[in-house]
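Okay, got some structures for you below.
After this come two complexes, each holding chain A, first together with chain B and then together with chain C.
And then the complex of A and B:
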């Protein structure tokens, strides 16, 4: 099949058996690849009620038709599983170079099944595929393990590795790659860890078949030219995601002290320009990227190097914790990366704990003797380690804010900032109704990357509750994740503003299949409905109540900052959901109707 | 006394279809954006000679100020 590696690799960790099968053409037609393959195999093969940490759960790792080819941003890999954090659908997208090697090894997906009796790593060199003993690496941080593999096997091997967080099965453990890239959210690292897979190391030398080589080269060049001609290429490359830090602070979207406000009085010390001056030493990119947005930083204070921090980490481990020192945020980033923890969920958990302490819900007995006030940098560093080892207060925080607050009670559930059990990423939504809806309805929980709608809020009126906003969120949800399906990065479109129609001839030349963006968005809609059905299948009583935001966003107006005194009304929360369900073709409780499922060719799969 | 504002294509609609516009110097970026009917809160980044400036920066003669609208985000 043009554009594909050609095979699905299955690794049964219980028996040690490794098999390959042809990538099914009908699945490629209807789900395309990447996140689409993840959703398909998850629904089809993980049995209803499977324990996310048991042998029946699977970790499905997929590249897409763009991956590994000369298209800007062709470096993304999808990791899909049943989430140990939420009990629902998890999909995490990882940049770097790993996805290219999957294609070069003649594969499209790697499916990890069962549970290994002892720690192993999966070694792939073209057709030489083996499970090898990982005893010598078990217990080590991700950075030194990746370095050891690179030194031992060679630079051309790409490595995906878990840290102690994954080994200890922390529900928001992540998977690390290329020293600073992650499959971050939803506990994909915990699933890898409970299966006792320390790492996957992969290298391939096969060619990827494409339908029309001349047209592919031409279309690829046109895409690269559009990137090079983009008027803000230099600025995007210079600042990366930190370009939004100052703006978020200005408009009240920067999470501050556990999302109690959207502006931070010391926020200036975290801005992109300050970070660039203080710690950034170079820019770092992924496979095929003309606009390297990764920032490689050196902290003199902590004598360390880290890729990052990205905006999300600056939000959740900086302003959200009342920390204004960008070097401290960089160090926290490094500790979390090495331990293999999602910085967004960890930052949220620590912020929640700080608020518990400041409210008197926790005393020093609960905090292992620590004065756990907002702004305590050393306590933050310590808690990252304790969470990864499930030690002391870290044991409670490792469960995530939903479960932790349910255990503690005393009103702490009101400031557990999550949707569906996934902690909210770094946009405070006290008064930004499209972005709030985006978080409420995101398919993995409160994550921003499906529908980044907050500018639309500012363009049309942040507190407006109108059908146009809902339509915008739905369009973004059907469109943006298609990059995850295609195995590439959306940021060339998002940040450089290149014309998305330039991708169409490239993808057609690669796959030989003509599809417009309308066709791709239909696939996006199909996947969206399938993962919704997965949530419903796996969670009794799933429906509208699972789409509600954290109470903070309809009960507690910020007392300071750009959104002081501004809050969304609960009636508007429900109006947003009413309009959303209607526009999606779902019933009033948020479930896809049989007609919608038929129209998307899903009726048989979900029967 | 003039300077130039250069903007991302999303802002062309405010600039007579152009992505470059001549403006008076001596005013802040914020004031200048308001005069151009561009809501300042739509602008994520203000850059002069490769360096980020705040919206309170007072535009000087001959400056070429680039303004990046927040369209896509993260």
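And then the complex of A and C:
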């Protein structure tokens, strides 16, 4: 199949059996690849009620038809599983060079099944595929393990590895790659850890077949030219995602002290310009990227090197913890990366604990004797390690803010900032209704990347609750994740503003199939509805109440900053949902109607 | 003319290498490209890029005279004449002369097509007359 590696690799960890099958043409037609393959295989193959940490759950790792080809940003890899954090659908996207290598090894997806009796790593060198003993690596940090594999096997091998967080099955453990790229969210690293897979190392030398080489080369060149001609290229490349830090602070979107406000009085010390001048040494790109947002940094203060911090980490491990030293944030980032923890969820968990301490819900008896006030850098470093080892207060925080707050009670549920059990990423949404709706309805929980609607809020009026806003969120949710389906990056479109129609001839030349963006968006809608059905299948009583945001955003206005005194009314939260469900073709409780499922060719799959 | 690189500007994305393989072989496969990117991570956190300087040392030792000059003044491998003897490989001062029999049935090297330069988003690569280049 043009544009594809051509095979699905299945690794049964319980039996050690490794098999390959043809990538099914009908699945490629209806779900295309990447996140689409993940959603399809998850729904079809993971039995209803499967324990996320049991042998029936699977970890589905997929490239897409863009991956590894001459398309800007063709380096995104999808990791899909039933989430141990939320009990629902998890899909985490990882940049770097791993997804390209999957294709060069002649594969499209790697499906890990069962549970290995002992620590192993999966070794792939083209058609030589083996499970190997990982005893010597078990217990080690991600950076050291990746370095050892690179030294031993060479730079052409790509490595995805879990840290102690994944080994100890922290439900928000991540998977690390390329010394700083992560499949971060939803606990994909915990699933890999419970399966006892320390790492996947992969090397491929195969060329990816395309339908029309001349047209593909021409269309690929046009895409790169558009990126290089973009007026924002230089600034974007200089700051990467941290380009938004100052803007978020100014408009009240920068999570501050556990999302109690959206502006940080010391925020200036965390801005992209400060970080660039102080610590950034190298721009680091994912595969095929002409606009590398990765910033590789060196902290003199801590004598350490780390990729990042990204904006999300600055928000959650900086301002959200009352920390204003960019070098401290970089160090916290490094500790979390090495331990294999998602910085977004970990930052939320620590922020929640700090708030519990400041308002007397926790005393030093609960915090292992630590003065856990906002701004305590050393305590933050300490807690990252404790969470990864499930030790002391870290054991509670490792459960995520939803479960931790349910255990502790005393009103702490009100400032547990999550949707569906997934901690919110770094946009404070007290008064940004489209972004709030995006978080409420995101398919994995409170994550931003499906519909990054906050700039739209500011454009059209942040407190407006109108059908147009809802329509915008839905369109973004159908369109943006298509990049995760195609195995590429959305940021050339989002940040450089290149014409999305430039992708169409490139994709046609690669796959030989003509599709417009309307066609792709329909696939996006199909996947969105399928994952919604997965949530409902796996969770009794799933529906509207699961889509509600953290009470902080409708009950408790910030006392300072750009959004001081501003809040979204609970009536407006429900109006947003009413409009959203109606426009999606869902019923009043937020479930897809049989008619909608039929129209999306999903009726048979979900029957 | 010669291909130049400023490694400090390289972000390791490999777009240049895919473009190179597409030019040389009509395939998308960075293992079949004529540039090398060596990442040095986690410390010191930099990329090192190796490119052909068109020094001609490879051509000088080729027993088949399969490495020839093209209209751009670049040495290229005439695939039909290469006998895979590998005499050229150790002569290359930059390690960018390739023979990998499992991948291709001829040696390959940079022919100065310029596609790598076109793909590079960070302007780490450029082509210039040898005598005027300011590196």
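The criterion applied here is as follows: the second predicted complex is superposed on the first by the 607 of 607 C-alpha atoms of A that agree within 3 Å, B and C clash if a C-alpha of one lies under 4 Å from a C-alpha of the other, contacts with A are read in each partner's own complex, and residues count from 1 in each chain.
Keep in mind that, in the parts below, a residue touches a chain if its C-beta (ideal position, glycine included) is under 8 Å from a C-beta of that chain, and two chains touch if they have at least 3 such contacts.
Every value quoted in this text rests on a predicted model; they were computed, and no experiment measured them.
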Q | Clash-or-fit label for the pair chain B, chain C on chain A | A | fit
Q. Which holds for A:206: it touches chain B only (first), chain C only (second), both, or neither?
A. second
Q: Check the residue A:416 against both partner chains and state whether it touches chain B (first), chain C (second), both, or neither.
A: neither
Q) Does chain B (first) or chain C (second) touch A:294, or do both, or does neither? A) second
Q: Answer with first, second, both or neither: which of chain B and chain C does A:169 touch in the superposed model?
A: neither
(Q) Is A:228 touching anything from chain B or chain C once the two structures are fitted on A? First, second, both or neither. (A) second
Q. Any idea whether chain B or chain C touches more of chain A?
A. C
Q: Once the structures are superposed on A, label A:404 by its partner contacts, choosing first (chain B), second (chain C), both or neither.
A: neither
Q: Please work out whether A:97 is in contact with chain B alone, chain C alone, both, or neither, and reply first, second, both or neither.
A: second
Q) What is the minimum C-alpha distance, in Å, between chain B and chain C after the two complexes are superposed on chain A? A) 14
Q: Residue by residue on chain A, keep only those touching chain B in one complex and chain C in the other, then list them.
A: none
Q.
Help me check something: in the complex, which residues belonging to chain A touch chain C?
A. 68-70, 72, 75, 97, 100, 104, 143, 147, 155-156, 178-179, 205-208, 210, 213, 217, 220-221, 224-225, 227-228, 233, 237, 281-292, 294, 296, 298, 305
Q) For chain B, which residues are in contact with chain A within the complex? A) 6, 8-10, 19, 39, 41-45, 47, 50-52, 54, 66, 68-74
Q.
Touching residues of chain A toward chain B in the complex: what are they?
A. 231-232, 234-235, 238-239, 241, 243-244, 246-247, 250-251, 271-273, 276, 311-312, 448-449, 452, 454-455, 458-459, 491, 493-495, 497
**Q.** Complex interface listing, chain C residues touching chain A
**A.** 8-9, 11-15, 18-19, 21-22, 25-32, 38-39, 41-47, 102-103, 115, 118-122
